[in-house]
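Two complexes, one shared chain (chain A), two partners (chain B, chain C).
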Partner chain A sequence: MSSTSVLEPAPPMTPRPPAPARRRARRIGRRGKVASLPLLAVVAFLVLVPAGFVLLAAFSKEVPRPGSIGLDLTLQNIRVLTEAGVIGATLNSLAIAFSATLLALAIGGFLAFVTARTNVPCKGFIFLIGLMPLFLPSYVGALAWSLLGSPGAGLINVAFRDLGMGSPVNVYSIGGVVMVMAMYYAPYAFLLMHSSMSLMNPDLEDASSVHGGSTWHTIRSVTTPLALPAILGSGLLMFILILENFPVAQVLATPGQIDTLPTFIYRLMNTSPSRGNEASVIAIVLVAAVIIITLVQRRILAKRSYTTVSGKGVKARTLPLGRFKAPVVAVALVYFLLAIVLPLLALFLSAIRSSPYMQSFASLTEPGALDITSFAHVFTSEVFTSAATNSVIVSLLAALGGTILAFLVGYTVYRTSSYARGLLEALSMVPLAIPAIVLGIGLLWTWLVMPIPVYGTLWVLIIGFVAVQMPQGFRGIAAAIQATDRDLEDSAVLLGARRTRAIGYVTIPLLRVAVSSTFLILLMLSMRELTVPLFLYTTDTRILSIAIYDQFENGGALQEASAMALIYCAIMFILSYLPRRFGAKNGAGGA
Partner chain B sequence: MEVVVQDLELAYGDFVAIKRLDLTIPDGESVVLLGQSGCGKTSTMRCIAGLESPTGGRISIGDRTVFDGASGKVVPVFKRNVGMVFQSYAVWPHKTVLENVSFPLKMKGIARADRRRQALEVLEIVGLAHLAERGASMLSGGQMQRVALARSMAMSPSVLLLDEPLSNLDARLRDDLRVELRRIQTERGLTSLYVTHDQQEALALADRIAIMQEGRITQLGTPEQIYGSPVSASIAGFLGVTNIFPIAPSSTPRSLELTDHDIALRSTYPVPRTAASVCIRPEDITVTLEQPTDRVGHDADTNYVSGTVEVAVFQGASIRCKVRTDSGLPLDAICAPPAVGTFAPGARVSISIDSDRVKVLPNEAPVSDIPQAVAA
Partner chain C sequence: MRRTTRPGVRRWLTAAALAAATILTVTSCGSPDGGKDDQARELLPPSVVDTSDGLRIDGELVADKQLYDAAKNDTVILYSGTGKEAEDLTAARFMQETGIRIELTRLPTNKLAERALSEHGAGQLPAEIIRITDPRVAREFEKQNVFVPYQTPFHNLLVQQNTGVRDTFVNCYYFVNAMGYNSAMIEDDQPTKWEDLTDPRYSGKLGVVSVTTGGTLNALAHFQIETLGEDFLKAQGAQNPRIFDSTSTEVDALARGEIAIGSLSFNNAFAAQLAGAPIKLVIPDKGVSGSENLMGMTAKGVQSPAAKVFMNWTMSKSGQSFAAAQGFVPARTDIGPVKAGEYQLPQANSPQFHLFTEEQFAQYAVRDEEMWKKAFNYMG
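Coming up: the complex of A and B.
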C-alpha cells in the first residue's frame, strides 16, 4: 500500500519526469517482494485453517468431516457454557494455574537466587537440580506420581501403611495437580530468573549499600525490583502453560473427578456421540483467556527495560549464607527428591515388579517378586519398536521441516523487503496463543477434511508438529539472523556470488549453531509432545509418548509401561544434553 | 571505470531518501560523498552497488548501464563487478584471511593456484600477506579493514565503494589508514566512491567532494574549493565553521545586522537575497588581551570588538577560547597564546576579525543550483 504513494511527494520547483518510467521501475521492485507470498500461504494454512475449523465448529451444528465442513450455522452450542461442569472446570483451571504458578515461582526463584547470588555449596549440582525436571516430560512425572501417590495403591501410602500410619497422600486432588505442575514448570522460572539475577549489574546494588542500605534492605528495594520483569514474565508464561496443560490434569485430576478446561474439552470430544461443537465453544473461551494473558504479559514487559543486562564481564555479588547453608541445601534436595528421584524410583520399581499389585514393601522380598527382564521384553516388544521407530521418523522429519520453515520465514522477515513480513512473523507466533488441545482438534478436522490422504499416516503427525512448534523454531533462528550482520552476506554478492550461493557460503555457516540447536530443540519437543498427537494418531501411527500414555491408561501392562517410560526419559535426557554439548563446542564461531 | 548517476531517485513509501541526484565519478578518480547521517549518502552508494532498488533514474558503470528506471533494466548485484568495503568490514569470521580474499577470484572461475597467487599479491599490497592462513575472527579491527579492502581489490572492481570504512577504528589508526588508503587508491588508479561524515577524512581522501544534504548534492568541488568557499551556511557549519549567526534581511555588506544580537559587522561579501548568515572560522578571529589604546568599532578592513573570556583551552600550538563580546555575542576562536599573561576566565580581551574573513552565505544552498539535467 505504501508503494502507491511514491508518486505523491513532488518537490515544488522540479518538473516531474514522465510517469511510465516510474511505474516500470516499481514493477521491478515488486518481483522480489512477492517471494514471501507462497511462504505466507504455507504458514497461514498450517495455523489459520485449523484455528478456523475450531471457530467454525463452535457455531455449527456439525463438526467438519470428509465431504462436509459443517456450514450449517447455529448459536445453540454456546449453551454449553451454562452447564454446571464448565463453571467448575473454569474455576479449577484458574485455581490450579494460579497456585501452581506461585509455587513454581517460589521454587524456581529460590533455586535461582541461591545459585546465582549466594555462596551455597555444590552450586553446580543445585543448578542442575533446577534444570533437571525439564528432561522429564511433565506427563511422565504425573504418571510416576500417580504410582507414588494414588490414594489406594500409591507407593507412599503403602509405605505409610507398613509403618501403621494409614494412607495420608492423595495426588488425585487439586493439591496433587498443583504440586506436580509446579514441580515440572519450576525450571522455566528458574532459567529466566537465573539469567536475570546473574547478569544483574553489581554496581546497582553496591550503590544501595554505599548509601547505607543493609543487605536485606538492598535485596528488597533494589534486587527484587530489578528481577521483577523476569519474575512477571516467567510467571505469566507459566500461568499460560499450566492453564492449557492437558496431560498432567488428565492423569491426576480426572481420576479424582476433578475437571479442568482442557480435560473437559477432551471429554466432550471423546464422549459418544462426540460433542465436538460444544468442545469448540469451550476451546474458544480457553484461547481467549490465553490471548488476554499474553497481551497483559506483553504490556507489562514492554514497559520495563532490561537494563540489568549491562554487557560483558559482570560478576554479580554473592551473599554469604552463613548458618543458612544447610537448610538451603536441604530445601533444594527435597525438591530434587520429589521431582526426580522418587518418580524415577517409582517407575523403576514398577518396571521390575512382577505383580502390578503390592500390599506392602515386605512383599518385595518374596522370591520372584522382582523381575528385571521387563526391560528386555520392552525392547523386543512390537509396541515399543514400532512406536520408537515412528517417534524417530516423525521427530526427525518434523524437526527438519520446522527448521527449514523457520529459516525461510526468519530470512524473509529480517532480510528481505517482501510484502507482509509483519504478518508472516505474527502468524508464526500464533500457535503460542492456541493451547495444544485446541490446535490438536483443529488439525484433526483440517486433515480429515482435506482431500489429500494424509490422515492416518505419519505425515499428519509431522505436519501437526511443524505447526505447533513454529514459534519455538522461528524465535530460535530469528534471533540469530538478527544478530548476524547482513553486510556479511551482501559482500559475497558484491564479490560476484549469486544470492543463494552467498547464503550457502556465508549465512548458513555463520548460523550453524543456531540452526543445529533449533533442530535439536524441535526434535526434543516433538519427542515429548503428547496432546496434539493424541488427536492425530491412529493404531498404526502410535509414537512413544502415545504408547506410554495408552499403556498407563489401560492399566494392564503397568510393568512394560514403566520400563518404556524410563527408556523414554533416558532418550529425552540425551536429546536435551546434545544441544548444550553441541552449542558449547561451536560457541566460538559467532560473528 | 567512469560511473555516471543520472536523475537518481529512491523513495521508501512517502519518504524520499534520494532526490533526483546526478553524479559522475571520472575514471581513476576518488569522489567523497560527505554529509550528515541520514542525508542519503549511504543509500546512494547502495544504489550503485545494487543493494537498493532506486525508484527512478539511471546508473551506468563504464559503458554498461546497470540500472535504468525508464527501460526497467536492472543488472543484478553479483554481475556488476562493484567492490564494497563496509563500515562493519563484513569480513567472514568463519573463513581464513586467504579464503576471504580469494573468494571473488573463485567466483570468477580462476584456477586454484592462480587464485592463491593473486590473492597473496593483493594481501601484499595491504601488508597482510603474513597473516594469510589466519582465521579472520582472530584479526584486529585495522587488520579486518585491510582484509576487506584486499578482498574488494582482488576482484579488480570497476568501481570501489567505501562506506565509512574508518569510523570503527581508534583515532591513531584512522589517521594511518587514511594515508594508506589514499596511497593505494592513487597508485592503483582505483575509481572510488567514499562515504563519510568526517570532514577531515573527506578532505584527505578526495579528488572531489560532493556535499550531500537531505537527499541532494548541494555542492561539488575539489577539497580546496569546498573548504575555501562553501556555498551555504549549513555546509560551512558542517566543515568546521563554528561562528554562524543569522543576519537581518535589511543588512548591507557595510553593516551586517545580526538578528539575535545587537551588533553590526562589516564584510567584503555581497548579501544574498535569501535568508543568510555570517560565517566566521574560529581561526580567523584574533583575540588579544585588552590594551587601553584598543579601538572599538570597525574601519574599512577590520572589525574590532571588545569582550570577556569565558573559557580557554590550551591546545599546544594554539588556544581555543570562548569569548563573549560586550554586546553579548558568543564567539569561538582559535588563536596563538598571548605573549604576556593568560586568557583567564573573565579577562578583558579585544577581538578583531578581518572583514574579508566575514563570509555572508545563504542559509541553505538554493535548490536551483543543484547540478542536474534540465528537464524538458
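Coming up: the complex of A and C.
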C-alpha cells in the first residue's frame, strides 16, 4: 500500500475560554461521577457517626453500648441545663473566652503592627516572639504556669515569700486562666494580622496624612478598620478555640473551683456512676454555640470588601518609632518572658528538683536537692519509651492516613464532577464545629459499639485523629489543588495514560510541596492532640501528651512529668518548625 | 520552585531516621519494671515459697500440683480500678512468689465499667479477673454475667470471717480513708484527730476529694456523717477547702504544699510518703472509713489456670499480708497485724474500722452525696 502520507496542517488551537472561578471538570465518565460516594461514606462515618452518638445519648436513658443501643428516648436529660452548676459554667466559659480573646487580640495586634509597620529593632526576633507560643502546646504552658503560679507552692510565690512579700499570685483564678489562654492563642491573631498589615496598600494612609491626620489618628481611623477582617476573623476563631479548650481550663480553672463547659462535660463523664447522657446534652449546647458563632463570622466577613492587596507592588508604610523603640521592645520581651522563658524554666527546675516540696529557693542549695539525672531516667523509663513509641506510630499513621484522605477528597471535590461534592467538602469541615471533647466522647461510643475491635488499641486513636484533623488536611491540599492547573494532568490522559497514572506521575509531584506540608502539619497536630485521646486511651495505649497530662494529674511524679514535658516541648518545637521550613510559603495559611 | 528543596528534604529525612533510630535504641534499653521488684521486697520481707508439690507459701497451700503446673507458663489478664502503683507492686510480688506474669489494664472505675460491659456485650472481653471499687458496678457485672462463680480454697474460712464473699465475686481487701498533713509545713502542734480538719488555722489549706469520685469517697462521707455528724461536713466546707477530682491529685497537692492537711486515701498517701514526700499520716482514735475492693472471675478466667492461682494467692496469707504492707486493710482477719511502714491500720474486725457495706451503699449513698454537695457547695 502506498504510503503517501500527507501531512495535514495541524488543526488550529482553539483558544481556551477564560476559566470561571471554579472550573467545570470535563466529563470523565460515570466512574468519575460516583467516585465521591465511597469517600462520602468514609468521611460521613468518621465524622457524623460520633456526632450522632452524642446526639442519641443526649436523648437516651443509657449511654450507647453494644447490646443497649435502643431508641429508648427521653427528654429528662435536658433538666441538667437548669442546674446551677451548668449556668455558672456557661457564664464562666463566656467570660473567659471573651476576655481572653480581647487580650489575645491586643497582644497579637500589637506585635503584628510593630513587626509589620514600624522600624522596631530586632524585627526578626520579635516576629519569632509572636510566633513561638504557637509551638508550645497550650496545656504544657498551663501545666508550667500551674507550677509557677499556684497559690501555695507556686515558684513565683516562693520567690516573693523569700523576699518577704507574701504570696500575691494565684493562677487558679479567672484572671490566671484568661492570661494563659490569651498568651497561647495570641499567635493566631498575630499571624493573621501581620499578613494583613504587611500587604496593606499605603495609599489610604498617605491620603490621611496628606489631609493632616496625625499618626495616631491615621492608625485609629484608617489602618485599624482596614485590618478589621483579620481582627474579626482571628478574634472569632480564637473565641471558639478558647471556649472549647479543655486542658487549660482543667489545669488552671478546676483547682480554683471555676467550672467551664468543657470541664463540666468531662466531670460528668468521669463521675461515679457516670452521667454520660447529661454530658451529651451540654455537649450539644456547646456545639450549637460554636456553629452559631462560626456562621456569624462568615456573615460579617462576607458582606464587606476589604481589598487591601491590589495589583500595584507597593510596600506598606513604616512608622518611625523614635523614642518608643525601647518601650516597645521591652513589652515584646515581657511577653516572651511570660509565655516561653518562665514556663520552660519552671519545668526545668521541677525536673531537676529531687523533692516536690520547696519551701524557699534557699533549699535548692542543700546537697542532694538538685538531680540532673532525671532527664536520663525519664528518657529510659518505660512510661516515656512506650508513650513515645505509641505517639510516633499513631502520629505517623494518622498523618499519612489524613494526607491520603485529604488528597482524595480534595481531588474529588475540585477535579471531578462527582455527585455531592459540596456535601463532601462540607462534611470534611464539620469537625471544626465540634469541640474536641465532644468528638472524643462520640468516638468513644462509636468504637465501643462497632463490631470492629479497635477500642483499646492504637487504631482507635489513629482513626480518631484522622477524623479530627480532616479540616486542616483538606484545607492544606485543597488550596494547592485549586491553584494548580489541570492541563498537565489532562495532557497525560490525552497522550494515553490512565487517569490514575496521570495523577500519580503528574499531579502528585506537582503538589508535592503541599502534600508534604500537609503531612507535616498533621504530624504536628497529632503529636499535640490531648483532648480527643483522653477518652480513648487505656494504660497500654498512652501517647506522650496523655502520659504527661496523666503524670501531672495523678501526681507523685512531678519530677518525671516535668522532665518528660520538656523533652516533649523540644520535640514539638522541631515538629512545628518543619512545616514552616519545608512547607509552602503561604503566609498566614499555615497551622 | 526552590532548588534547595531536595537537599533540604534529604537532610530532614536523615534527621528523622536518626531520631527514629534513637527512639528505638532507647526503647530497647528501658528498665522493664521501674524498680517495682525491689520496692516489693522492701515493703515486706519475702515469704517462704515451696513448689515441690503444688504451690505452698509460708506453709499454706495456694494451688495444688495440677493447677500450678498448668499455670506456670500462663499469664493473668487483669482489669483493675485500683491505683496503678499499687497494682504494679502487687504484680511484682506475685511474680516473685509464683513466677506468673500479670498483664494489667488500669482504668478509673466508671471507665472500667464502660469498657468491660461493652466488650462483654460484643463478646470480646479479654479480661480474666476484674477488680472494681464500686459494689453497684460489681452487681451489674454479676447481672450481665461478666462475673461467674468461683471459689478459692479459702472459701469456708472467708465466709466464717465474714470478709464479704458473694456468689460471683469476693472482697479481696479494703481501701482506707484516713487523714494526713504536710510535715514540712506543720511542724508543731501537729494534728491527731479528725476534728483538727476544721481548725480555723487551716482555712484555705484543707484538701478534700469530691464524693462523686468513687466508692471509697462514699464510704468516707458516710463515716464522717455517722461518726462525726453532718455539722462536721459543714465545718469543713466553711474552711474554703480545695476540692479535688481524684485522690492522687490531692496527695500530690499535699506533697507540694498546696494544701497542708486533708482526709486522704491511705495507700496513695503512704506510697507518696515512701517516695520521699513530706507527708505524715494520722489514724485517729475515732477510726477510719473502709470500702471494699471487689474482685471477680470472668468466663475466660475460670478457663485460665494462672487466673485461678492469682485469685487464690490474693486471698492467701501471703497476698493478704502484702496488701496490708501497702496500706490496705486485708479482708482476712487471721493473718495477724502487719504494719504499713510505721503505721498500724486497724484490722477489719476492729471497732475503729468503719466499713461501708453494700447494703449501706444502696441505702445511704444518694442521701450522703446530697448532704456532702450541700455542705461543700459543690456542683456536678
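By definition in this document, the second predicted complex is superposed on the first by the 544 of 591 C-alpha atoms of A that agree within 3 Å, B and C clash if a C-alpha of one lies under 4 Å from a C-alpha of the other, contacts with A are read in each partner's own complex, and residues count from 1 in each chain.
Assume a contact is a pair of C-beta atoms (placed from the backbone, for glycine too) under 8 Å apart; a residue touches a chain by one contact, two chains touch by 3 or more.
Model, not experiment: these values are computed from the prediction.
K.L.:
Going by the contact rule set out at the top, does A:L143 touch chain B (first), chain C (second), both, or neither?
P.N.:
neither
K.L.:
By the touch definition at the top of the document, which applies to A:A492: first (chain B), second (chain C), both, or neither?
P.N.:
In the superposed model, A:A492 contacts chain B only, not chain C.
K.L.:
Tell me the contact category for A:M193 with respect to chain B and chain C: first, second, both or neither.
P.N.:
neither
K.L.:
Check the residue A:V506 against both partner chains and state whether it touches chain B (first), chain C (second), both, or neither.
P.N.:
In the superposed model, A:V506 contacts chain B only, not chain C.
K.L.:
Quick one: is A:V43 in contact with chain B, with chain C, with both, or with neither? Answer first, second, both or neither.
P.N.:
In the superposed model, A:V43 contacts neither chain B nor chain C.
K.L.:
Have a look at where A:T380 lands relative to chain B and chain C in the superposition and call it first, second, both or neither.
P.N.:
Touch partner of A:T380: chain C, not chain B.
K.L.:
Looking at chain A, does chain B or chain C touch a larger number of its residues?
P.N.:
Chain A has more residues touched by C than by the other partner.
K.L.:
Just to be sure I read the superposition right, which of the two partners does A:V449 touch: chain B = first, chain C = second, or both, or neither?
P.N.:
second
K.L.:
Which chain A residues contact chain B in one complex and chain C in the other?
P.N.:
none
K.L.:
Which of the residues in chain A come into contact with chain B in the complex?
P.N.:
2-3, 5-6, 8-9, 11, 13-15, 17, 20-22, 24-29, 32, 485, 487-488, 490-499, 502, 505-506, 509-510, 588-591
K.L.:
Mind pulling up the chain C residues that touch chain A in the complex?
P.N.:
5, 8-9, 12, 20, 23, 26-27, 29-34, 84-85, 104-111, 113-115, 117-119, 121-122, 124, 134, 136-137, 182, 184-185, 205, 212-215, 242-243, 245-246, 248-253, 255-259, 268, 271-272, 275-278, 379-380
K.L.:
Taking the touch rule as given, give the residues of chain B at its contact with chain A in the complex, in rising order.
P.N.:
Contact set of chain B toward chain A: 7, 11-14, 16, 19-20, 49, 51, 53-56, 69-72, 74, 76-84, 86-90, 92-94, 103-104, 107-108, 137, 148, 151-152, 155, 367-368, 375-376.
K.L.:
Give the list of chain A residues in touch with chain C in this complex.
P.N.:
My answer: residues 63, 65-68, 83-86, 88-89, 150-153, 254-255, 257, 259, 264, 267-268, 270-274, 354-359, 379-386, 388-389, 392, 448-449, 451, 453, 455-456, 513, 516, 538-540, 553-556, 558, 578, 581-582.
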